[in-house]
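Letters are used for the chains, namely A, B, C and D, taken in the order the chains are written, and counting of residues starts over at 1 for each.
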Amino acid sequence: MLYFKNDYQEGCAPEILQALTKTNEMASVGYGLDEYSLEATKRIKEAIATPNAEVYFLVGGTQTNLCAISILRPYEAVIACDTGHINVHECGAIENTGHKVITIPGKAGKIDLAALEATILAHSSFHMVEPKMVYISNSTELGTIYYKEDLIKLRALCDKYHLYLFIDGARLGAALTASSNDLTLPDIAKYSDIFYIGGTKNGALFGEALVIKNENLKSHFQYLMKQRGAVLAKGRLLGIQFNELFKNDLFFKLARHANEMASLLRQVFIKHQIPFYVHNDTNQVFIVVDETFYNKLKDRAAIEIELNLADGKLVLRFVTSFLTKEDDIVALDKLLDNITK
Amino acid sequence: MLYFKNDYQEGCAPEILQALTKTNEMASVGYGLDEYSLEATKRIKEAIATPNAEVYFLVGGTQTNLCAISILRPYEAVIACDTGHINVHECGAIENTGHKVITIPGKAGKIDLAALEATILAHSSFHMVEPKMVYISNSTELGTIYYKEDLIKLRALCDKYHLYLFIDGARLGAALTASSNDLTLPDIAKYSDIFYIGGTKNGALFGEALVIKNENLKSHFQYLMKQRGAVLAKGRLLGIQFNELFKNDLFFKLARHANEMASLLRQVFIKHQIPFYVHNDTNQVFIVVDETFYNKLKDRAAIEIELNLADGKLVLRFVTSFLTKEDDIVALDKLLDNITK
Amino acid sequence: MLYFKNDYQEGCAPEILQALTKTNEMASVGYGLDEYSLEATKRIKEAIATPNAEVYFLVGGTQTNLCAISILRPYEAVIACDTGHINVHECGAIENTGHKVITIPGKAGKIDLAALEATILAHSSFHMVEPKMVYISNSTELGTIYYKEDLIKLRALCDKYHLYLFIDGARLGAALTASSNDLTLPDIAKYSDIFYIGGTKNGALFGEALVIKNENLKSHFQYLMKQRGAVLAKGRLLGIQFNELFKNDLFFKLARHANEMASLLRQVFIKHQIPFYVHNDTNQVFIVVDETFYNKLKDRAAIEIELNLADGKLVLRFVTSFLTKEDDIVALDKLLDNITK
Amino acid sequence: MLYFKNDYQEGCAPEILQALTKTNEMASVGYGLDEYSLEATKRIKEAIATPNAEVYFLVGGTQTNLCAISILRPYEAVIACDTGHINVHECGAIENTGHKVITIPGKAGKIDLAALEATILAHSSFHMVEPKMVYISNSTELGTIYYKEDLIKLRALCDKYHLYLFIDGARLGAALTASSNDLTLPDIAKYSDIFYIGGTKNGALFGEALVIKNENLKSHFQYLMKQRGAVLAKGRLLGIQFNELFKNDLFFKLARHANEMASLLRQVFIKHQIPFYVHNDTNQVFIVVDETFYNKLKDRAAIEIELNLADGKLVLRFVTSFLTKEDDIVALDKLLDNITK
């Protein structure tokens, strides 16, 4: 069986496992107030070049999203594109915190500025929710990325209408190491109000580092976390992991590897003349196939059906990870040789 | 510095770390559907002698409590004693899911049956919430434990008034290995509707195994978890840990060790004629001291102030863990020699 | 000033005012348990030919919608078309109860069956909410109505996928007295699981009568109402009003009058060659005009801008009520003579 | 049957009914933006001598409480005494908005300052909720009232710890016209941050006027109301009623009458040597009787059992209203003659 199902199918980078082993018997205070978490916070603030930011470590992506959005007042809503993770794949977690997710049609997984502005303007009285936050993910659910020009325009629009910009960075590593990327971690901090750096999908056992830059959003965030069961007792486990990720460029190395494997994967699909559903350069690859093809593939490779198209074809998602090996790509190539001949 | 601050101040049992290391590079499906989680589920069902139970693995205690209680309909309330963890130390997590926590005065951390029945009877119309669940913890927040007779009576009362009994087992290991304990894991399953087996405070890196026995409570629980951000992407991390805990009696060995260390600790306090705040035989030890004593101690030993008594005295909490060493107890003894002389 | 702003701009039908006056000094028990409420309940059960239904009286539409939908479990979602009142004009009330509103594109304000089925099928795991209720309004927010054939198909689809059908009847009177209508009150009860009969927009001072037919939805509804502040202390005020509405066919008479006035209004617009935005036969009339026209009109007639079209034109909404007079229509005709010449 | 069950058992003061009748056919804008509501707002601001206050009209008490408290952030809690309406008789409405109600033992229905301060101080970390609002009712659920000295001290304590003071004035009329009262409406506004003036229990058909004085609490309150279904479509009904209540001293006349009737009632109980449960001078009278007495009374007089005492005796509540007549008191006197002889 070949595994391209997701980027959280294995454990973690060896450096992280070593650090957990090394520190295992040391005692430390709980709930993220330990020295490892403090050190990781320091490293992250340096990496994002934002000394006044606050950094909180959470366990997973949905948890991070719902805590971050619960910063809003009850009648304030978050705008996301229709493919947004908070709209589709979080079982209504945001609505369960009491907030409406307003959806607008995305363009290859990215927010369309004109649609965004029209939606903001359409909300004009107390009979409707008040749009207050824009949610984007980078890389997106379709593996596409935002460019500096995108963020500059989004920031301007958010400023114009007094909205917060929240960047879901579950796959931020993949975005920032993509071949066409022109953004840096400090840029991400600069153009957003709040964002997170994903560990779970980039070589940590688990963990997301949430960064709050906007002063208005900082107050009592630990209370919001605790109230949602999002404060890890052995908080140091998160500190230790992010400490490693932000030592020796590990965070970027792991992401770069996944992207490189995806690049090889794309070459294999091109060779086999299998069309892409979307063009992108991060660690998710989407192809369009028919059901016969999928049926031949599914018992040999663990993958996801992303979409059932109206014409009966399927969009398949292949994901590479920090642990994907060139051998896996070669094996897939051979498998496709068999299937397509 | 001596560490008696809590039972989650260190990492995990070496067996667990080895298992995580051994499985690190294997790929598996996410969200708790992997083979390790399935195996751990099987082991737990055997250990509790309840083949029809459902088992879910969550990351922490507050998260587990709020997911379990969100099973209730909105107007249904949970009754807890005033010292209950859900009432005091979860930042209103239960109320934030929309449910009232009705509190009744506890007796050494345990529910008083007469007060419980009176409270149930006092709720009699749609102007008031409907009591529907009783929450207890075993061992309790004061380190005391429930006995078989207690649970039989509680069960009968719950049956009489159609309430669910939920046992918070964050420290269930400590309870079931206490010297005076007369309950088994199958008993816990037998007398409750839903309960959890705590890993975080008993030698796991993190993790709680929630067991749902009552058929009425089983439907769609994963949806409730996901909606609250409580489904771990790399769910196998939980499976691997509980697999180890329920191999070779490890869960009980770790808890027994912590209790034995607490027993030695009590002897030290007795020797120094320091009175206990509550008499118990699990891994939490509560003593009553004056402020002078505390001030001498606090820079040498990491502990918690549990309570400020009306007479100005302090209740201090010492907690032993799966990693506490006899040397730590000996060192504390010497420290007390210095302080009390 | 001519008033076509809405159908709740005046007080109530004289019969209702008389009944309130006549009963004013009588004492009765509170919270809807009084004799008037019981009598109104009896009349409604007869009118809907559903003796086992439960009837609850609430004050307003948003309140009724949020109470009705809070019957669902937290992860269960309601599907509405994009123009649905719960999606647009209730300030996120449904989401604030914790439930996602899944929207699908409507056809002239009505649910499209194919889109509905596709949406249901797209929700397939615990990562997504569980669609459990379909919300429609009759008449719709665009003044269109559902026909028997529509409801039969919707019912079949709901049965197929185990969804509840909820009919928002804020303007049910207008729907059931429309010239093309082929549904009766018993039909509404027959094809839905839960629905309400609107009083506020049909001649009552305020009040909606919620009917729960499906046995699964009946339990403890008063608790849900009370918890949301929706139980009126002087509940008899609602009973007295619905008693009058369901005496002597008053409910239908009032609605029929509003529809007739709308019909005259349409003739006026046709005469002036002003195009309609949507074709319908209830008490809301939507026309398409340019901004110049609107600017001439707005200080002489109280109306609403329903939509700003992409081409710069405006959709205006005119609403007639139980109190609209033929003289108002004649006056509008003259006003248009002036404006359009 | 004699009716002393509550102060909302009848309709409304005749002045209100006349005003509703007189304005019935006039058209006005909805949702509280009409001229009547604006005029009522003006009158109330004058009556409370607080020109910068914001005034909102809501339908009922529980609704008003839950909207007012939803101003808080999710982790912020409200402190009430154990007998507080929000703690006991609102079916968990406050918790359902996500906020914990922290209860402290009351003294005759009033907050005890020492207990309040101790409770505030006991909340000291993000593991616990943050106390942010104190809720009191005046008159209280036991018919007692707060004096100027009480409010001065409460205000000082709230200022010291940065808490808001919220006064539930469902029976504010009864409090301010009690014989021992030394507070004025401007005092109520002066010492609180937010409070409401009850109409439902003082001669209106329904309605509570919520006054927000503290600038921090003013933002977007209509959104919070709308989201909770608390914006009445025909908002003018509330405006018209409060307009009448604040014309010609009607609000105080109605309350004074109820209190005078309660005073006569007390004399009857004294004459019959029936002991009071609590000493007070507003329109609720609490007596202690045995079950035999109650059984003789219950079919002749509509009253409430307030409490079942531990010794088997009952506390009965008699309430007088704006419509209670001296004849009713005389009739009760005769009834007691029969029962007690």
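Heads up, the rule we're going with is that a residue touches a chain if its C-beta (ideal position, glycine included) is under 8 Å from a C-beta of that chain, and two chains touch if they have at least 3 such contacts.
Fair warning: this is a prediction, and the values are worked out from it, not measured in the lab.
Chains that touch both subunit B and subunit C are the following: A, D.
Put simply, the chain farthest from subunit D by mean CA position is A. For the pair subunit A and subunit B, the distance between C-alpha centroids works out to 33 Å.
One inter-chain figure worth recording: subunit B and subunit D are separated by 42 Å, centre to centre, where each centre is the mean of the chain's CA atoms.
Work out the mean CA point of subunit A and of subunit D, and you get 50 Å between them. Each of the following residues of subunit C touches two or more other chains: 74-75, 90-92, 96, 98, 126-127, 129, 223, 226-227, 231. Put simply, subunit D touches subunit B in their complex at residues 74-75, 77, 88-92, 95-96, 98-101, 103, 126-129. Taken together, the subunit D residues at the contact with subunit C in this complex read 3, 5-6, 8-12, 14, 17, 20-21, 23-30, 59-67, 90-93, 96, 200-201, 205-206, 223, 226-234, 237, 302, 323.
Every residue of subunit B that touches subunit C in the complex is listed here, in rising order: 31, 70, 73-75, 98, 126-127, 129-130, 220, 222-227, 231.
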